[in-house]
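Here chain A shows up in two complexes: once beside chain B, once beside chain C.
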Partner chain A sequence: MNKKLKFRFSRKALAYPYMAFLILFVVVPLVMILINAFITDGNKIGFDNFVEFFSDAGGGLTVLGNSLIIGFVTTLLCLVIGYPVAYFLAKYHASNNVLVLMFILPMWVNFLIRTLSTKTIFLAMDLELGMGTVLFGMVYNYLPYMILPLHTTLVSIDKRLIEASEDLGASKGTVLVKTIFPLSLPGVVSGITMTFIPAISTFAISEILSVSKIYLFGDAINMHFSKATNSFGVGSVMSLVMLVLVIVSNLFTSLNEEEVRSVL
Partner chain B sequence: MKKFVCLALCLVMFSALSLGLVACVQNPETTDSLVVYNWADYIYDYEEDFKAYYKNITGKNIEISYVTFDTNETMITKITKGDSTVDVMCPSEYAIQKLLETDWLVPLNYFDEQQYAKDISNKQNYVHNSKYIDQNIVNKIDEAFGEIAVGDKTVSMLDYMVPYMYGTLGILYNKVQFQQLGIYDVETLNKANWGILFNDDGNGNLLSQGLDGSILMKDSIRDSYAATLFYLKQSGKLQGTKYQDMPIGQLINAVDDTLIDLCKDVLTAQKSQLFGYEVDFGKDDLLKGNAMVDLAWSGDALYAYEESWNDDLNNGEGDYELSYYVPNGAGNIWFDGWVIPKTYNPEHTEAIKLFINFLNDPVSAAANMCEIGYTSAVDPEVVRGNADAMAVLAECYLVHGYAKDDNGDLLAEEHCDYETLAEFEEYFFDNYNEIDNSNWRYPFKFSPDSSPYKRDITTLGVMRDFGQNNKKVVTMWGYVRSAGVSALPLLLWTLAVIAVVAIVIAIVLLCKHLKGRYVVLSK
Partner chain C sequence: MKEKIIEIVNVCKSYDEKPVVKNVSLTIYKGEFVTLLGPSGCGKTTTLRMIAGFEQPTSGKVFFNGKDITELPPHKRNVNTVFQKYALFPHLNVFGNIAYGLKLKTIPDGQPFQNRKGQTVQKMRHLTKAEITEKVNRALKMVDLEDYGHRSVNSLSGGQQQRVAIARALVNEPQVLLLDEPLGALDLKMRKDMQIELMQMHKKLGITFVYVTHDQEEALTMSDKIVVMKDGQIQQIGTPTKVYDEPANAFVADFIGESNILSGTMVKDCCVNISGHTFECVDKGFKRNEPIDVIIRPEDIHIVDVADSNCLVEAEVLTCVFKGDHYQVTALTFGDERNELIIHDNVQVAVGDKIGLYIKPFDFHIMHKARLINTLEGEMYDTGVVEFCGGRFPCNSTLDEGTKVKISVDFDDVELTDDEEDGVIGATVISTIYKGSYYQCIVRTDDYYDFFVDTDYEWLINDRVGIKIAPDKILLEEVKDEQKVEV
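Right after this comes the complex of A and B.
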């Protein structure tokens, strides 16, 4: 019997379909973006697209700056609002999943419907659609992404550590600041990445809640790919910049607990 | 007995088999096929009608594969990259130009009377309905695309395409709110022209305080550019330049740095007047009263217009709340047409030409106009003169005597929108609005000579592909969209809040610290 021809089914083989999927739908598109970034006017190869973007002639850098700021503020607000919520959920209702569910429930409604309804409410309140409403929409949409990882980490903190610090005479505030918060740092970090990255790349929220007046990085990429003709090049450069931001923040998440603490 | 049953069964099976075989053998001979590539929602439920039409002329059956696209860009990519093979497709004018320039189209010679006789009896020739097509649109196409350089020769687009539908770019506005603002009269509207989108009364002054923040601009680069250019011309901002006396057809295609810069300034200044930019939600915002003015295409405008009927208006008689018009001095007209890509299947030639013929039949044109809302390239007088076509339109628009309910019975008069066919005809073909001075379904039907703001055909231009300048226009649009938006105040406010919170915490901690020390000392 020819052993070479025999297909040996190992557990590894189960991963092949997904590997194929990854290559086809993640690796290949990324390579295409990379190639497109160097192509101008359909045939020329060069750095024209990079020059175009980094010279800020089309306002690309301004838009990136604005997006980073809005992403930062959104993340901060989500953290400030989300941490206490996650904390109390974990502390008093660790076993009560219904309450957790209540906070995830808005996520079950399609986010476009949610955002469109928010717009209607703002208009009914006679509020001017602009930066404020966009920020509200961002926090509203991304808050669950902050609460969930925080809740998961807070619930899994070993109660004995908290009791120990209390036994050693720490006040409630000290326990929170010196025991619970440091132990929940991994949750904070993953919450931040899960909020920050979508917040800087979104385009639907700003499009709807400011009637496209607030123009963010996601809107700009969208414009180059779907509204302009022959502008894939600059759009690809922007996507690459976005990719770099994603990689940086992922490096940040992959640091282990100890390293996170030293960074903060 | 058993034997008999067995025999009978064998016989049945055999006959079934032979029938099947016959069917298999016959099928390829009698069934032709055709692959159509069209915009989504851009045709009526044509399949049965076309099959009957095809059978009638050729005696053969036809199978149609119908594929759709969303943008001209996807269509071009798919065709030129060889992802799909289609026989006939329907891009917009500038996309046809691009395909022609890259030598992707097969000549159609549809308008060449010599080559194809109009003779149904001779099946070798093609019945062609080119005689039905509106000469005005044919002339416009010839004006803009009469000479296109393909390699080293020059060709006319009309030899490669057959126009299908056309429409204009214009201004959709809320009539009722305009009345309240006191700007709904012939003089104001026609003087302001495209200035309405910029809240300019035509003399550089503010048109109305109330329009501030109620103007929608289209998030479409080509259309916004065109509208801005028209405004520049009509408000005299091109005075003293070489563009001043350029005919609209030329001006709209004279894309260069000077014009792009002028547009950039005007569009940036316009931002403070805007409610926003829209692609899909514009109609809704106008119907809900969130905005009053929008840059719109005639087909979208028609949809919004017909949705906007309000029974309370006009002293209880009811009226449409919205209206649409193409300002009198300058405008853009666009069209889509049927072309054959080089990768088509030559065996399908007959089917392709019959398909195009079928669509240019007045009855199909009427059915399409009813379904899609844009204006068919078929001459309105031909549609009007064709009783069958008029019956299709009359049923669609609920004219008494034509409209039927679900059971196929005639609708009662009170449920119909129009009492007589004549009344409907007047709405559909001669819908001339005296205030804004336009017939928007048929822009070629000009305003009457008596009108002081009479327009003529030269004021409508067809926009070609921007070519090399496309990139500059995209950059301009990116700049305009990002201008005037800054998140810096937001950042500063956030930092200020953080600083305040930090100071408060520091003070509290300090107090506690000092208090603790004091307690220790006092002991």
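Right after this comes the complex of A and C.
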């Protein structure tokens, strides 16, 4: 009986410090955001913040719309540029690892440094900072996040399926459209989520590359918390909206392959 | 006269300079069930892939209905393949998999007509949905999967996936169906059933089947013609009975069915000497006292009483194992040189029994030996040291440095070492055949010379070994420059 009461050090205990960290720095702040969302002017409890955001009084909804559009365009551009890159990387993967490295290398440089250097280049070229430069910065920053999952799925496609497709009468182009692309859909979906979510929530890129002319959802949240006073409430509501978007897209990725295909 | 459908002419294939298929020529006739049989790595799958178009031969030609298709991509060839482990499309259901080829197919639409420029034009069209559905359903029915069209391929058992793969290939009505070890992943019972089903399909459809397998029993059961391959080369082409009863060489005999392979000499026509005993046989045309290989199938050796007048040789029983429809007996013959024989008979004997053995004259299968002595070319590295196959061997020779020499080494003078480092050069064991009282191995050096080695031990195929040769066993002969040596 005595033995049962004794604390037994099991491998599970190794996870406790991180659990504590998670509770303190992830769960607690989330709860605080949730509470903040219902508090207006420091003491009133109610749905005022939600009303303010969803009635677009402070322009929050418009910013969300703009961000979604920019996020969508960025993702589309990343997909259109990234798919061929990932395809050729996968095709010549065995013989050339240096190529893959070249595409991952930019990820090792801090994104702020990358973005600031991009700005300097644009200024040196005498380009006007605005929508174009922001989109460029976004695509440049998020392209690796599109290429990597695509590359992983494309590499893992069974070569025999491609041969089977050719055997059944498919030319090289048809193989790509009818076999390789459908089989790479899981990679496309995870590439989209890995690009789209950061693209709508980012603030630094748009701020730096448009000299704060273009105002995205991330910028708005940032402003509510850091610059304006007494607007923690609306900021929290916006954070919650962001969170819901993230959860929805993650649900989308975690659907199994067949469900993804039926959705698309 | 049978009509040729596929002709492979002097085809070679190498990957990174490593030959996989060496000068293979093969003719396949319309409607035949041809099996390419051989151990793994013998080039049978590569040969099949060259017929399918997935590989291009390094040299040589492939003809289909008389037309050269060597360079034709797979999608333009009128052949379909059933892949090893099926290769079904996971993103499509059973119906979608089978319909895949049909959706890509175009057929002539209406009669050819003359256009304004006076050229004859044939309009092509895709199959309609109804046509595809009808064909797919017929294919599903053929493989007994009528109600499975909507199922996901991953929810099917191995046998069912196999049937889908066959239906997917056959629905395109190819002239030749290529099958790459299609039954390898199935359990024994399922495999037997599928063998019979495939044979029935072949009979019913009347198209040509080219089947690749390493399972000799499968090949013997199903084929009209067996092509035995080893090491990228064809060893024998023949009907199952021919290949089984009259193997072309010791390898074929060893690979197909169980067999006793012994060394002997041909005393004269119809008379063979094996380890001091003389037997009557039916083979003629060998040189007097020519060393030969003799093959005797276990079921052709009959156990008789020692006192029986039929008794040709006496032997001592080592083991006797019941195998259901027969007893498998191993026995050691008496005499100066004792040979171990495997016997399948339906009499039970006890270990240690003295038994008599009887073999009918035409059950001795006599074959020329592939090689009598290892001969190769080399160069004197120094006085008393000869260099060949990338190694320097000490030898008893006084020839000068740089002299080109012909080296001969007897099979039993080559010594194999377990540790590659212990030998002068390294080599890979590529075949081991038991010859009654010793093993004959073929070991391949890193520059592709095959040493024949007679040894007391069984060396495992694909093992790395070292090669050593005693200095006095290396026979050297100087080669004059203008003299060409055939190795």
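The rule is simple: the second predicted complex is superposed on the first by the 251 of 264 C-alpha atoms of A that agree within 3 Å, B and C clash if a C-alpha of one lies under 4 Å from a C-alpha of the other, contacts with A are read in each partner's own complex, and residues count from 1 in each chain.
Note that a residue touches a chain if its C-beta (ideal position, glycine included) is under 8 Å from a C-beta of that chain, and two chains touch if they have at least 3 such contacts.
Keep in mind that this is a model prediction, so the values were computed, not measured.
**Q** Taking the superposition as given, does A:L161 touch the first partner, chain B, the second, chain C, both, or neither?
**A** A:L161 contacts chain C only, not chain B.
**Q** Comparing chain B against chain C, which has contacts with more of the residues in chain A?
**A** Tallying touched residues of chain A, the top partner is B.
**Q** Where does A:L135 make contact in the superposed view: on chain B (first), on chain C (second), on both, or on neither?
**A** In the superposition, A:L135 contacts chain B only.
**Q** Answer with first, second, both or neither: which of chain B and chain C does A:D219 touch in the superposed model?
**A** Once the two structures are laid over each other on A, A:D219 reaches chain B alone.
**Q** With both complexes superposed on chain A, which partner does A:M107 reach: first (chain B), second (chain C), both or neither?
**A** A:M107 contacts neither chain B nor chain C.
**Q** Would you check which partner chain A:A170 touches, where first means chain B only, second means chain C only, and both and neither mean what they say?
**A** In the superposition, A:A170 contacts chain C only.
**Q** Where does A:L76 make contact in the superposed view: on chain B (first), on chain C (second), on both, or on neither?
**A** It touches chain B, and chain C stays clear.
**Q** Across the two complexes, what residues of chain A are contacted by chain B and by chain C?
**A** Correct list for chain A: none, the interfaces share no residue.
**Q** Going by the contact rule set out above, which residues of chain B touch chain A in the complex?
**A** Contacts found on chain B: 71-73, 213, 216, 219-221, 271, 274-278, 281, 285, 288, 290, 465-466, 468, 470-471, 474-483, 485-488, 490-491, 494.
**Q** Across the complex, what residues on chain C touch chain A?
**A** It comes out as residues 52-54, 73-75, 79-81, 83-85, 87-91, 100-101, 104-105, 152, 168-169, 172.
**Q** Within the complex, which stretch of chain A touches chain C?
**A** So the residues of chain A touching chain C come out as 158, 160-161, 163-171, 174, 178-179, 182-183, 185, 257-258, 261.
**Q** Going by the contact rule at the top, pick out the chain A residues touching chain B in the complex.
**A** 41, 52, 57-60, 62-63, 65-67, 69-70, 72-73, 76, 123, 128-129, 131, 135, 208, 210-215, 219-220, 223-224, 226-231, 234
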